[in-house]
């Protein structure tokens, strides 16, 4: 009759999962608020101005105001739109980045009142593939959104975004292969563990470069934010969206920025492994992520936007060959290292 | 256990959809709804919409891109497992994948030479 | 554990849906999607059987199927584009010119 | 797999490697070929095939299993490979002028043909359902594109699209059968499959699986019930490609069917009944529907269906002689069909399409030589001695009767008598009608050479079948 | 025996055809063709001169391996049965060339090539000692014959050619299956003599008998499957008709003689009544149809059906008189009907009409022509003193002893023959001179007389002194009969 303890155990495990998920969703949903504020502030200071100042101390409550505005704004659907797809698209765009975080480890374990709690939801052996697979779904949100609106700017924007995302997905995928070769695993946990001594950035500078640039493009950040180039496309695929549905796209974009930063840290910068300064691993991790997030914001106000054909050329003609060469050379070097 | 690895995914999907739905619901309670034909017209910088939106859907470069993606994505599919076990399968595995990549490079070079990567004609 | 025959039933159902889609639907894109379904039913079979036998062949086969199907779809789309440029329609019935 | 085994495998598959490497090289080099230098492409392609043929010959001495039992280089494969080489080289020779006229003379055309060739070679050598599948897809992918190569031509687009969709369905069916076989036996290797179920009574599930596989393969050879693509594709595709497809991939399909049927697992089952029905219905359909065709390419498509039916009779017969008879049939069919298609291809010149049978009215008046050649090919297709087509049919019939399928033999000959009707109808048009226009066939030296070669084969094998017969029998046993 | 005489005979026309392809002028083509056929005829005469009439064994045999895997040989040889037909073929070959000297005025070269190819193949059929080889020759004949009818024939030629082709093809494909079945049941050989020696079970025999029957009956033609013949004969050019009537029809009967009777003796005996009835039917039905014709060629064509009925009746009477009569009658029919078609052709060249009603009073306009015509008409009626009399008498006596009713029907047929032939002659040759009123008729010239005379010789020779011919047949016929009735006869 030791059935009951087993079931209790399962319930506890499940409860833990639900708790972690809820926490993750909460954090990820709220994070865009400070991030938008930060972005505008940084932009302001870089451009010798103050940024938002009115709502709250130094405009701290500005994002909250924005949120309320989006929540209460009229939700308008164009007359000729495919209503079902139009409504589906924002959710389809919102969900994938959140789901990806299931596979992301933030550290090994922490101890809460004597119980070891893992700092990740799931340690998949194919985590990396999972990440790419789920991120791939993001494209559908974009393309459905643009398509369903039945507006020229939206269609063009969605096609462009789609093309851009799939173009950069390839070098991104290739860039990671070097990392997998080193770690001999697709589990992100294993990949981080493999970097205990030396971070991958040392062995894989090219891979990092490719991943970083591709990541910028995947996140649709300047200099690659062609999709919503206000100058020529209105607002790209979400031209026709307003209100809360538009907010979903926004949130999704910020979560992706966060995600790319997290991945960069895990894949190339040793994850929670620290150097020199002893600090809790989680702190190390968050600091590194913060650095990359800042980098992304910084770039936004530093670089001009590329032309669309330049964007494609960079993806296909520079990054892809680079990443392929990276794989071949990594293989050779690995072989040379393994040889007696 | 596989189940324990992917259960969180399910929970997460459910969670996100729930949250999104709830937000939408709350918003629908708060927001006004006042559509009229002019408002419902697709945005075209204030001009009346001209022509079909679908006209742009069949631009060939997008298709070429899609096809290229398919090819390389599939290659990635082969590369990942290979990368994991590369150290175990040794030289033979390396050579085989090298041939594979080479073949893809030929295709890639062909596409490049053919001008498939040039966005503007 | 999920029993093997669940997978097989799933495979059969997908196969039937795919086949029916190919036969019944008149939009070429939908037909192509149905084809994917058809081929994915095969993949499910392969992976289920591979798992059952604890044999890697099933998975390999599935990967091959995915890869080759991708190529096939690429070709199909290319041909479709050529067709649409000559006559803009996606209806199967509108395409037919040759008979007999 | 060790490095040594890999080396052995590479050696065994040297011809395939030659073709693939050559095709890749040509793909890249082709981008640098200037206009008006396209003959380089033809000769380079021919050279690649010849080198592969040389390699095949050098390796023909022994049976070489390769790639952990997925591939084998044996005499059976060698025989088929030579049929493929023949088909491909002759197609190259025919293509030069035709491609100019149709404006499709790009390097891709030749490269795709080479890739299709490599796919067919893999099919002939494959001993695992997986490698069969890969080879098969390599062929059909190339032929899909080649079918739609006349991009500005609606019929070509349409044919290609139909071909892709139906081809994918048949592939799906084939794969489903393969997955069932894998599920029931736990392997995809042809040899191991048989070993996995020896002793036990034949599982109905397995029979179902085999039926699915057969159904998928039947598509590739254009037999009922998956024949409906054939006429449209043959009509829509560029004529040279039609010629190629009617011979090469079809032979490759038969190579696979024979491999699968060599397998005792299948041979022991009752699947031959289904195959026999397929053969009868295929031949009947091909023969009868061809009677009412006005388009020459379409007629040849139905003729090709009918011939596939006849060859399937050889498969039904089974046994060494049955296999050899199918092989010989395909070899002979290659000669005569490429010959007739060579003429159809050649007639395409200027504004003359050469596709309607009526176009050929009175050809004998102006070009007695060409008319005589057509007469030869047509009578060979009809199976009238002393042409090779007769001997091909004779051998299949002999194999059938030897196994006791006399009734099938009777049906086969009666249907071939029906088929003879539309062949001689064309002869009638050529010889017994007054010409309505002047013909201006594109008779380049290459085309002449092709026609001479196919004619020599058609009449030569007819008069002296002995050597070829021995070759086929010898190769059938080499498995 | 150093010289492969039979191969020479068979391939001389083929070689001639090949030579013709390179000639340019029509005149040269005609002369070379004539030369080749005459040379071939000479070879045949030489062959007959060296023919040993005392044995039934195959003579002038030659054997070469052809397809060893199937035991197929290139084997030629003749016995008493085939010798006559080889000769007849060669004889009619030169007649045909003469007959088409001016009748064929377009594509002369192609025509002569077809004609010579045809001759070669026909000779091959009669000489072949290998079943497979036989079939190849047999079937290959379709090609040139199809062209001869279809390209150089009359207005309805296309339909006629089609019908001819399909009937014969449909017949012979079953024959092919029969051959293959025979091969596997008869000890895996295609050697005709070896197959003859086999003793097959009755079941197999009867199936094969019907398979063969279809092929041979179409060629003969026997009544239910005769409908191709009137069309083919009417539409074919003169030479084509001569070949059809003179040789091609004989092939069916020859097939019975060579295969059905000796290889399938039990079935032949068993089904002989059926065959006799069919023959009688053909005799009467053909005669009646001929009586109703007003087209010269059609009349002769239907008369052929009737006459071939006599032949098959003789063969399936299964007694010596019937057999010898049948064989002789085949030869006679070849000569006589060939000549009749020649006559029709000659007159058609002049008037371009074949309707009997258009003619009359030919006696005045073309006395020589009419005189010869009378001779051949009489021959066709089997008047004593002509060749057919001998043959028909033998057949009738054989037929009566086999089956009284059938014999009676045959007599009725003979009477019908007299009726339509005399009626035709009366309308054409006698009566008011309507022809000369409308056409300028010239009498036959030297070339035409040469053609006619070559046939006339045999009408009279066989009619007055049939012994040499019967001698040739005798030994083989006796041996054949012994085989049918299951007895061994001496060499």
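Things to note:
Per-chain numbering from 1; labels A, B, C, D and E assigned in written order.
Everything below uses one rule, namely that a residue touches a chain if its C-beta (ideal position, glycine included) is under 8 Å from a C-beta of that chain, and two chains touch if they have at least 3 such contacts.
Because the structure is a prediction, the values reported are computed rather than measured.
Of all chains in the assembly, those touching subunit C and also subunit D are B.
Note on connectivity: the fewest steps through touching chains from subunit B to subunit E is 2.
Chain pairs A-B and B-D differ in how many C-beta pairs they share in contact, with the greater number at A-B.
At the centre of the protein atoms shown, by the Cα-centroid criterion, sits D. Note: the chain lying farthest from subunit B is E, by mean C-alpha position.
Each chain's centre was taken as the mean of its CA atoms, and the one lying most distant from subunit D is A. Mean C-alpha positions place subunit C and subunit E at a centre distance of 65 Å. Our note on geometry: subunit B versus subunit C, Cα centroid distance of 19 Å, whole angstroms. A straight line joining the Cα centres of subunit A and subunit E is 94 Å long. Centroids built from CA atoms put subunit D at 52 Å from subunit A. Touching two or more other chains at once are residues 66, 73, 91 of subunit B.
Screening every pair of chains for touch gives A-B, B-C, B-D, C-D, D-E. Per the touch definition, subunit C reaches subunit D in the complex via residues 8, 11, 15, 18-19, 22, 28, 31-32, 35, 38-39, 41-42, 45-46, 48-50, 52-53, 55, 57-58, 60-61, 64-65, 68-69, 71-72, 75-76, 78-80, 82-83, 86-87, 95-98, 100. On the subunit B side of its complex with subunit A, the touching residues are 4-9, 11-13, 15-17, 19-20, 23-24, 26-28, 30-35, 37, 39-45, 49, 51, 53-57, 59, 61-62, 65-66, 68-69, 72-73, 76, 79-80, 83-87, 90-91, 94, 97-98, 101, 105, 108, 112, 117-120. Taken together, the subunit D residues at the contact with subunit E in this complex read 364, 368, 375, 379, 384-386, 390, 394, 397-398, 401-402, 406, 409-410, 413-414, 416-417, 420-421, 424-425, 427-428, 431-432, 465-466, 469-470, 473.
Considering their complex, residues 1-3, 6, 20, 24, 27-28, 31 of subunit D touch subunit B.
In the complex of the two chains, the subunit B residues touching subunit D come out as 91-92, 95-96, 103, 106, 109-110, 113-114.
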